[in-house]
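Listed next: structures, encoded as structure tokens.
Two complexes, one shared chain (chain A), two partners (chain B, chain C).
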Partner chain A sequence: MTDTEAIKIVQFKGELEIGRKGEIHDALAAVHDARAILVDLAEVSYADSIALTELLRFCVKAQREERPVALLIQTPQFARLIQYAGLASSFKVFAQNAEALEYLQTSIRS
Partner chain B sequence: MKRASALSLHCPAHSRCVAPARHALAAFLRALEFDRHLLEDVTTAAGEALANIVEHAYADGGDEADGRYLELTAEFDGSGTLAVDVADGGSFIARHSLPGRGFGLRIIRTIAQRLTIDTAAGTRLRMVFECKS
Partner chain C sequence: MSRRFHAPIVLTLAFLTVVVVLLFTGGLFVRKVVGGAFRDAELVRIARVHLADMLKQQLDEETGVRGYSAVRIPVLLDAYYGGRANLPLYFRRVRADLEALKVTEALRPLHDAARTNYRWVHEIAFPLIAHPRSRQRLQLRGKTLVDRFRIDSAIIDADLARRTAAVNAGAQRAVVLVGLLALGAIVAVVLAAVLFTVQQYRLAQRLDRERSYSERERRRAAELRAAYEAEKRIADVLQQAFSERIFPAVPALSFSATYIPATEQAKVGGDWYDALQLSEDRVLLAIGDVTGHGIEAVVAMNKARQLLIGSALLDATPSQVLARVNSELVRAKSPIITALAAVLDTRTGEFAYCAAGHPPPVLLEPGSRARLLEFGSLPLGVDSGVEYRTRSVQTTPGTLIVLYTDGAIEYARDLAAGESALLRAVESAAECAAPNAAAVIRESIFSSQKVADDVAILTVRLSETGGVSVGGQAADSAISAEVRTRNARKVNPSRLRRSA
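Showing the complex of A and B:
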């Protein structure tokens, strides 16, 4: 298995809010056993704290299991939401896909 | 952002109503020529308050037929002050005391210049934003 194959990508688009709580949970659960996970949120136009809480729970569990997780965030609303919630240090956030993948590949090797 | 204007919505307290209410607020602010950053922040704060109602105010579910509603009102005074009220007829629970919860109120407190929570009859959050440029 190559580093690239060891990384699973879960992608979300549109508005991540209360009405999609179950979908978010299920999509993250589907990749929980990967060696490393890229959560691609680049096309998320809006997110709320319910989506953020689902992401936080997923990341905390993954961290406990030593599975690195990178979040790809390119929209200002989502980036600010994380700051406003005081969770900047809880996530590995990247604005560029290549940087996120490099972080995950490096984490797998170390 | 020149003229005094108001928006008022009353919907069932259901998750399917949160996004349309937030979109209506965004359209209201867009019509008042709020810049994108402020528009996003105000709708983020209001979205948190609306979602909080659906998640927590009516613990046993239900819909408007059971008297379970959410209200959103926004008033712009024409000179730079925007007040957004989000209200319900349920019970207020201070979620910030629970681990891993309470991000919604934290986010609202960070964004709004003033926040008041009135729990005398249901719960009414008043978020005030100063929009002077």
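Showing the complex of A and C:
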């Protein structure tokens, strides 16, 4: 398995709300066993507290299991929201896809 | 009216239209066939009359010549001459009749009859008129020719009779067709009626099912509504009870607070705020928001609040307070909670705070613009290993500190706009020197915005001189807090600006 194959990518778009809780949970659960995970939130503009909670729990669990997780965030609104929620200071957040992948590949090798 | 109501009527009308068109077309066809039959029958009748007249002329000729040859009376030849004059006309008439009727097979016998007449005139009539003595032989031969003429006429008549029979058969078929069309029309109308009735029956069944479904859904919605209202009522009562805070009586500080419950569509959330005097100079400020809504959120909120106050009484360092609350909440598998704990020292002016996934405080010092302080760490209840950090800000007299929950900035899902509006509102509250800053901030933001989630706002203002006495305020509502603040407050807000 190459480094690229070991990285699983889960992508979300639009506004993440309570109505999409199941979708978010299932999508994250589908990649939970990957060696490294890229959560692509580049096209997410908003997330309510329920959606953030799902994301938060996933990141904490992955961190506890020593699976590197990179959050790809490109919209200013969502970047701000992530700062509020404390994710920006606790997890790896990237604005560029290449940087996120590079971080994950480096983490796998080490 | 919906499409499903139109469909049976449209289908039935379409079917009946097709039937009417078919019947009309069939009627025209039958009319044409029957009309043709009657016309042909009339033509055959006229042709037979003409044929009979033709034969009569031949017989008249023959009778006149035979009489003349017997008695030699010239007047007897009148019939002969009349016949000779008229026969060509009758030949033409019969020929025209046969051609009109398209009885072409009879043209040959007609031609033969004309030729026979010609031979009779030239071979019999002329010699007999000229030489009456040899009449016996000629009469015998003449009789043979006349018989041949009769036979040709009979053949033509037979052809006309066959034509008549064919016309009659066509007319009979047309009549049968009329009967079949009438029968078809009856069957079609019956089918249309059956079709329409079946469709109506199925529509009625469907409407009945939908009515039953709607009734079930209505009952279910009513039950859910009742359950929701009951839960909201309980949550409202709990929230109201929990948000009725008695502000500490601390000189040099004035408090105000407001709580805006969620709109009717949303459920009551778990927002709360607290202000607790820890010592003569130190006050604990806390604000938080439980993820989720309803009774569960309110209960979790109350638990977190009690934990936070209890922790603060042990060690009032904000990061330690939140760390202890976090450990307990993680252990109890509580819902995730965002919170901010702060300690304000009125003697030194130090404002120490720690945020756990919560929006940062807003600070407005006299002479400066309102600003957001630094962000914190992860929310409470996520992971027991989360490290929280206390941040500290040195305040000056007259500083206004605003703590709030996310409903105050996320109502439009645009954080940048929400933050700007909040900062402007805080500046407005300071400028207008309103006794209840929280109420002014609330009005400033939500006078033109819809409240999307619960909102809690807690403000504390440091007096410029110290020694301000604020006692026993209940800040459950903006009005009561305003009245209490007005009575107790000794700081003149205009001095804030002057000092700036």
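Simple rule for what comes next: the second predicted complex is superposed on the first by the 109 of 110 C-alpha atoms of A that agree within 3 Å, B and C clash if a C-alpha of one lies under 4 Å from a C-alpha of the other, contacts with A are read in each partner's own complex, and residues count from 1 in each chain.
The working rule: contacts are C-beta pairs under 8 Å (C-beta built on N, C-alpha and C of every residue); 3 or more make two chains touch, one makes a residue touch a chain.
These numbers were taken from a predicted model, which means no experiment stands behind them.
> Taking the superposition on A as described, I'd like to know which of chain B and chain C A:Gln74 touches: first, second, both or neither.
neither
> State whether A:Gln105 touches chain B only (first), chain C only (second), both chains, or neither.
neither
> Scan A:Gly19 for contacts with chain B and chain C and give back first, second, both or neither.
A:Gly19 sits against chain B, while chain C stays out of touch.
> I'd like to know which partner A:Asn97 touches here: chain B for first, chain C for second, both or neither.
neither
> Once the structures are superposed on A, label A:Ala88 by its partner contacts, choosing first (chain B), second (chain C), both or neither.
second
> Applying the touch criterion given at the start, work out whether A:Arg64 contacts chain B, chain C, both or neither, answering first, second, both or neither.
The answer is second: A:Arg64 touches chain C but not chain B.
> Taking the contacts chain A makes with chain B in one complex and with chain C in the other, which residues are shared?
15, 46, 49-50, 53, 56-57, 76-77, 80-81, 84-87
> Which part of chain A faces chain C closely enough to touch in the complex?
For chain A paired with chain C, touching residues are 15, 45-46, 49-50, 53, 56-57, 60, 63-64, 76-77, 80-81, 83-90.
> In the complex, go through chain C and note every residue touching chain A.
289, 291-292, 336, 338, 355-360, 375-379, 382-383, 386, 406, 413-416, 419
> Can you tell me which positions in chain B touch chain A when the two form their complex?
Touching chain A: residues 15-16, 18-19, 22, 37, 40-41, 43-44, 47-48, 51, 54-55, 100-101, 103-104, 106-107, 110-111 of chain B.
> Going by the contact rule at the top, pick out the chain A residues touching chain B in the complex.
Counting only chain A, the residues touching chain B are 15, 17-19, 21, 46, 48-50, 52-53, 56-57, 76-77, 80-81, 84-87.
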